[in-house]
Amino acid sequence: MQRIGVFVCHCGTNIAATVDVKAVAEALGHEAGVVISQDYQYMCSESGQDLVKNAIKEHNLTGVVVCSCSPRMHENTFRKAAASAGLNPYLVEIANIREQCSWIHKDIASATDKAIVLGKAAVAKVHLNAPLTAGESPVVKRALVIGGGIAGIQTALDIAEAGFEVDIVEKEPTIGGKMAQIDKTFPTLDCAACILTPKMVEAAQNEKITIHSFSEVADVKGFVGNFTVTIKKKARFVDETKCTGCGLCTEKCPMKKVPNEFNMGLDNRTAVYIPFAQAVPKVATIDPNYCLMLKNGKCGVCSKVCTAGAIDYKQTDKMIEQKYGAIVVATGFNPIKPDKYDEFAYSYCPDVVTSLELERLMNAAGPNGGTLLRPSDKTHPHTIVFVQCVGSRCDDEKGKPYCSKICCMYTAKHAMLIREKYPDTEVYVFYIDVRTPGKNFDEFYRRAVEQYNVHYIKGMVGKVTPKADGKIDVQASDLLANEQLHINADMVVLATAIEPDKTARPLATMLTTQMDTNDFFTEAHPKLRPVESATAGIFLSGACQGPKDIPETVAQASAAAAKAIGLLCKNSITCNPCVAHSDELMCNGCSACEKVCPYGAITYQDKEFRMPDRSTAIRRVASVNPAVCQGCGACTVACPSGAMDLNGFSNSQIMAEVDAICK
Amino acid sequence: MQVNENFEPVIVAFCCNWCSYAGADLSGTNRLNYPSNVKIIRVPCSCRVNPMFILRAFQKGADGVILCGCHPGDCHYTSGNYFTRRRITLLYSMLDFLGIERNRTRLEWVSAAEGAKFAAVMNQFVEDVKKLGPNRRLEDLRCRKQ
Amino acid sequence: MLKISAAKLNDLFDAISAKQTLYIPVDREPNAAEFKKYESGMKLSASLNTIRSAKDFFFPQTENLADFKMNGKNIEVKDIREESEDFVIFGVRACDARSFGILDKVFLSEPVDSFYKNRRDHGTVVTMACTRPSETCFCTTFGIDPTVPEGDCAVFFDGENYFFLDRTEKGTKFVESISDMLEEGDASKLAEVQENARNIMKKLPLANLSTDSFGGDKLNELFDSDKWADLSEACIGCGTCTFVCPTCQCYDIRDFNTGREIKRFRCWDSCMYSDFTKMAHGNPRTSQLERFRQRFMHKLVYFPANNDGEFGCVGCGRCLSKCPISMNIVKVMKALEVK
Amino acid sequence: MQEAMIKRAKELLADGTVNRVMGWKRGEFSYDITPAVFETAEELDAEFVCDDLTQANVSKYLIKESRKEGKILALLKPCDTYSFNQLVKEHRIIRENVYVIGIPGGPKIDIEKIKAKEISGILSVKNEDYTLKIETIYGTETMPYYEAISGKCENCKSKKHVVFDELIGEDGDVLESNRFEMVEKLENMTAQERYDFWRDQLSKCIRCNACRNVCPACTCENCVFDNPKSGIDNKAAADSFEENMFHIIRAFHVAGRCTDCGECSRVCPQNIPLHLLNRKFIKDINSLYGEYQAGADTTSRAPLNDYSTDDCEPSIVHERGVE
């Protein structure tokens, strides 16, 4: 038999002014199972809590109902009070008679009636409450960072700094990501390589950091604190441990006509290559699509010249398995290819380039050694047109609906650098709006306009037409002057939209994290939990979550690291006990619950059961991992047999509340 | 339709803990008025509400049932309310198909900041149900209050 | 014999229903007749039988037994029984009429079921002789003559007139109550109609079905038969056979909480259901084979064992036409028959 | 066709591919056909039947049968393959243990449709060039074949077998059907008319559970209506509310999973058009969330276990049709 105590709070006059608290206590005292029903001035006060504690001890209570303010306010207070008196904290229910009763109703009679009904519902519910104990789950003290761009590097460095082992998985042969390809950075115009490469080296040298370059995540199992990840180390046909990065092989390789990805295909590399001089790890990689030895079995030059004996044509992909407590996603972004935009002539005019291609053209380590020349005829361009929002803020299917955020600033940077270095060059920028919210950003943009005389024109470029004389006709509208323009340009630079890396979606599936329709990872809360994914133990760093510039990326990377460190610091995680659980005897194993679980908390196993007819049967049944389940209850409704139920908000508890309210 | 002035409908409101229940609290904090007919049941997420609960409420004497959750896209559990939206759309459509009055059921998205909206929604809903009169088409006669 | 012409039948119904509630079978849709409370103008169904049997009148599917109310720590029990009003069921077939006798044996033996008895006492059963049996009919197997049905009063139709034969005291009272509408008539054509029907009965596909292999003394061999596995294999465990059956009489007692009181009611149960006779310790019959066997053993062995050899089946054929998978008592009897 | 099935089944039994055959067994009359498992060639020769009157969808039996020792041969009509596939998708049938032969579908004949023509004492039914010749105790009757077509075949959605290991006869196509006609008709009634219609229909319910127990989507280990712990269990509708409750919840539980096989309405002893409830859900799902056919594949996400961020709001119910 239940022994329930009811405690009605006056909250000074907050409740007592409109609710007849004595009448509420009196009425609830007659409810089945209620052995004591009291009212008090301030139930949350020290002495109010003592009242509850003493009653629990004195009357040996099995459940407590507090009629007071919102449970969002003091549920924890009373749970703690109950626990200190020896009652399981989850045997406490709150009837919200302040925010949802006394404060909204003026008429004492009806407010009192409602308070009684709310109290009865809480009593009906507490009858069915079960003591719950928060479980614990151990934490593996190692983190995985997926992606080795500036975001991944920063996150890894911060985590390592805190003293935890951290692995970086990078799909390219070197870490560094997009930032390594960038020439200068806004708004300070300092050299990207100068600030990035020391960090890359730091990561490589840090004892706590292991870099798996040329590797991909193949499988993720487990849950917060206890992920098991399979990493595929792709065959690079070079023994990383032996290669010294001397580069002799790359010099001697006879296959010299491979488009160089690092320079955006603007020049060529060899079949065995090191992406760039400061690559980390500085290890050669053989491209099997071009290597004559791997393709035809004839050549072997690199193997002959390598004094370290590092070349290994027989190398295969290798799978390694590792356990992690936390995973940080830092898969970054890519600019879209503007080849769908026929009006910009990108696919057939070599002098129409994207901004990232321009970065390489201007970079000292780029194809032209830092001199800006037209790709077509290697002449100096005198008129350059920049087109903003190519594929960003787009309604059609060719582009992206969002603003890519970084283009306005890097275009201002490009324009300024060109005007600085080549004052004889006219620079036009066509824009929808110029967006410069950021520290020193607007000043930077204004410098481009005011000091460097860059022609900013609000308007759209309608058509880019290469002409027979090698010039490019740019037809555009000037919205402010309300006129059509034709600019006789030498080069056109497209500020293409950026999009998440293609590997992000399959990765999200493996991680059971969520993505928006643009394939950016979804944060757990857009305001309050911006670096966590909704899946516990998975954190988001950098542009995989949304377009970001470098300082924002680094800030978020450190924030994600802080969250991961917070998790790794713990020896075990306390789990919310209000989680779903499946009644195995009732479960059909149909997988409906698994499909709606946003956390991937539900798995299935084949188990042997003794059936009602005394036979034994192997049945597929669901089981919920309480460390992963967050207690939303989506599965409980997806389950047709009612096998899935939720602790603290069970079917029977909610129906008891419904019954109590309706009667 | 004639409004029976003496008819006091029983209204059950299921509110998700993170948005709508907080929104309801906020309308209290702001001392915004809505009828005492509305009784709130707290659920972790709108997706916890089983159609069985809604039917059960009508069986036991409710005249209207309203379900409130976070705005789509704002779910604390990221996707719960999207499932809710499909389930409840289909359920309400089925109730409509069976000839149950449309205005007895409602789904509203109320955020934790929308105290005023919560009160407005409840005022409107109670008024709509009052216009319909007591639930007769989906009642259990055994539970009817004499 | 007293008679009324077919043309005046509805006048008669009007007259009966003016005094007491009258139920007649009407066509809800083609080939789907049901007993309905007579309202002026309703047409008597020409169907051979109703989908649901006539047992509902005495043993309804659900029935409130008592109310409980909690008052503080006291429980108040309210006896909600009311005296039934008098009613007439017109057009009951011979099979259903016999089923009442079977139900009586269950409900009217000590301890008497007062709910059942109350209805039985106030109901007058007016039966209707069969003239056009169906291929699913096998009432003759159980010694029923469908051309001369039992009941309080039997009615015979010769194509033009309805003839009335009172068979019990209640029946006599019924005929007296309508005597002013009846006239003495020539029943000579009736014998011909009856003879014709009896001849058809003999030619029915199930006419030779025999009960020789069944009865209370055949318990062990039938219970242990290896045929049950095959017979029950396709059974989906629904309650259709049970609920359309005129003789199935099992029920469950349940409580319903209205919020203010507890209503204790009984409702039909089916031995085909997995929770049938489930007790605190569990369920005595855990497989569908056992449940399936229970139903037929009850009708063909246990019931005759306890009731002077009377079988718990009247051969109405409802389960033959309604079972979703077409498994039925005839197939069971034929399979278990000792040839 | 029946002979071809028996022949092939015997071959598969003989070569050890399967050790059992899931089919149908003839009964006392021409129409009382029972699903059955055959283990020997002799049994097949003696009792196997698959003709114009063979309607039962046997896919649900395969849940249990596929968990027994050895492989079973299942003969599946096009509509049955959808149910079968859906059950495979829900991990209820173990696909590897079933050898599926796709057999031609209907239109099948429903004996109830013949009886509704006041033809009684039926001894045999023969299809002679789309005229049914019905021998009865009272003489020979004839009626057009199409007037006796089973309700479940009236709006056939597909002649295509969505899963099979081999076929007897030819595979067909997914058909354009007007199966939502009656749903639309109801939608266009007033709420009062709809209410009256369904009250009239559902009040006939005797809660025999035939619809549920025959339904290939209702495969719960323990139905909520049988489980005292569910809080909504009941054995008989003690009030009209419970008639509604049972059918609403049942339709909801199979929404997005129901393949529209029509068995529920076929077996209802009271002729309640239960399939209309399921079709209402199917129609809504198709129109609101995109065309979806349960059982068409084993990988797609069921519409109720899925969502789109731009799904319509429930208020769409207020914007459509008539109140």
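Residue numbering begins at 1 within each chain, and the chains themselves are lettered A, B, C and D in the order written.
Everything that follows uses one rule, which is that a contact is a pair of C-beta atoms (placed from the backbone, for glycine too) under 8 Å apart; a residue touches a chain by one contact, two chains touch by 3 or more.
The structure displayed is predicted, hence computed values, not measured ones.
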item: Which of B-C and A-D has more C-beta pairs touching across its chains; value: A-D
item: Centre-of-Cα separation between subunit C and subunit B, whole angstrom; value: 46
item: Separation of mean Cα positions, subunit D and subunit A [Å, integer]; value: 46
item: Length of the line joining the C-alpha centres of subunit C and subunit D, rounded to whole Å; value: 30
item: Whole-Å separation of chain centres (CA-atom averages), subunit A against subunit C; value: 69
item: Multi-partner residues of subunit A (each touching 2 or more other chains); value: 596, 638, 651, 655, 659, 662-663
item: Multi-partner residues of subunit B (each touching 2 or more other chains); value: 51-52, 56, 60-61, 79, 83, 87, 140, 142-143
item: Junction residues of subunit C, two or more chains touched; value: 256, 258-260, 263, 274
item: Category of the chain touch graph - line, ring, star, complete, other; value: complete
item: Residues of subunit D that touch subunit C when the two form their complex; value: 27-29, 31-37, 56, 60-61, 111-112, 115-118, 120-123, 136-138, 204, 206-210, 212-214, 226, 234-238, 263, 266-267, 269-271
item: Subunit B-touching residues of subunit C, taken from the complex the two chains share; value: 256, 258-260, 263
item: List of subunit D residues in touch with subunit A within their complex; value: 67, 90-92, 219-224, 227, 229-231, 253-254, 301-302, 304-306, 309
item: Subunit B - residues contacting subunit A, complex; value: 10, 12, 17, 21-22, 24-29, 31-34, 36, 39-45, 47-53, 56-57, 60-62, 74, 76-80, 83, 87, 119, 143
item: Complex contacts: residues of subunit C adjacent to subunit D; value: 28-32, 34, 46, 48, 51-52, 61-62, 132-136, 200, 203-206, 230, 233-234, 236-240, 242-244, 252, 254, 256, 263, 265, 267-270, 273-275, 320-322, 324-328, 330-331, 334
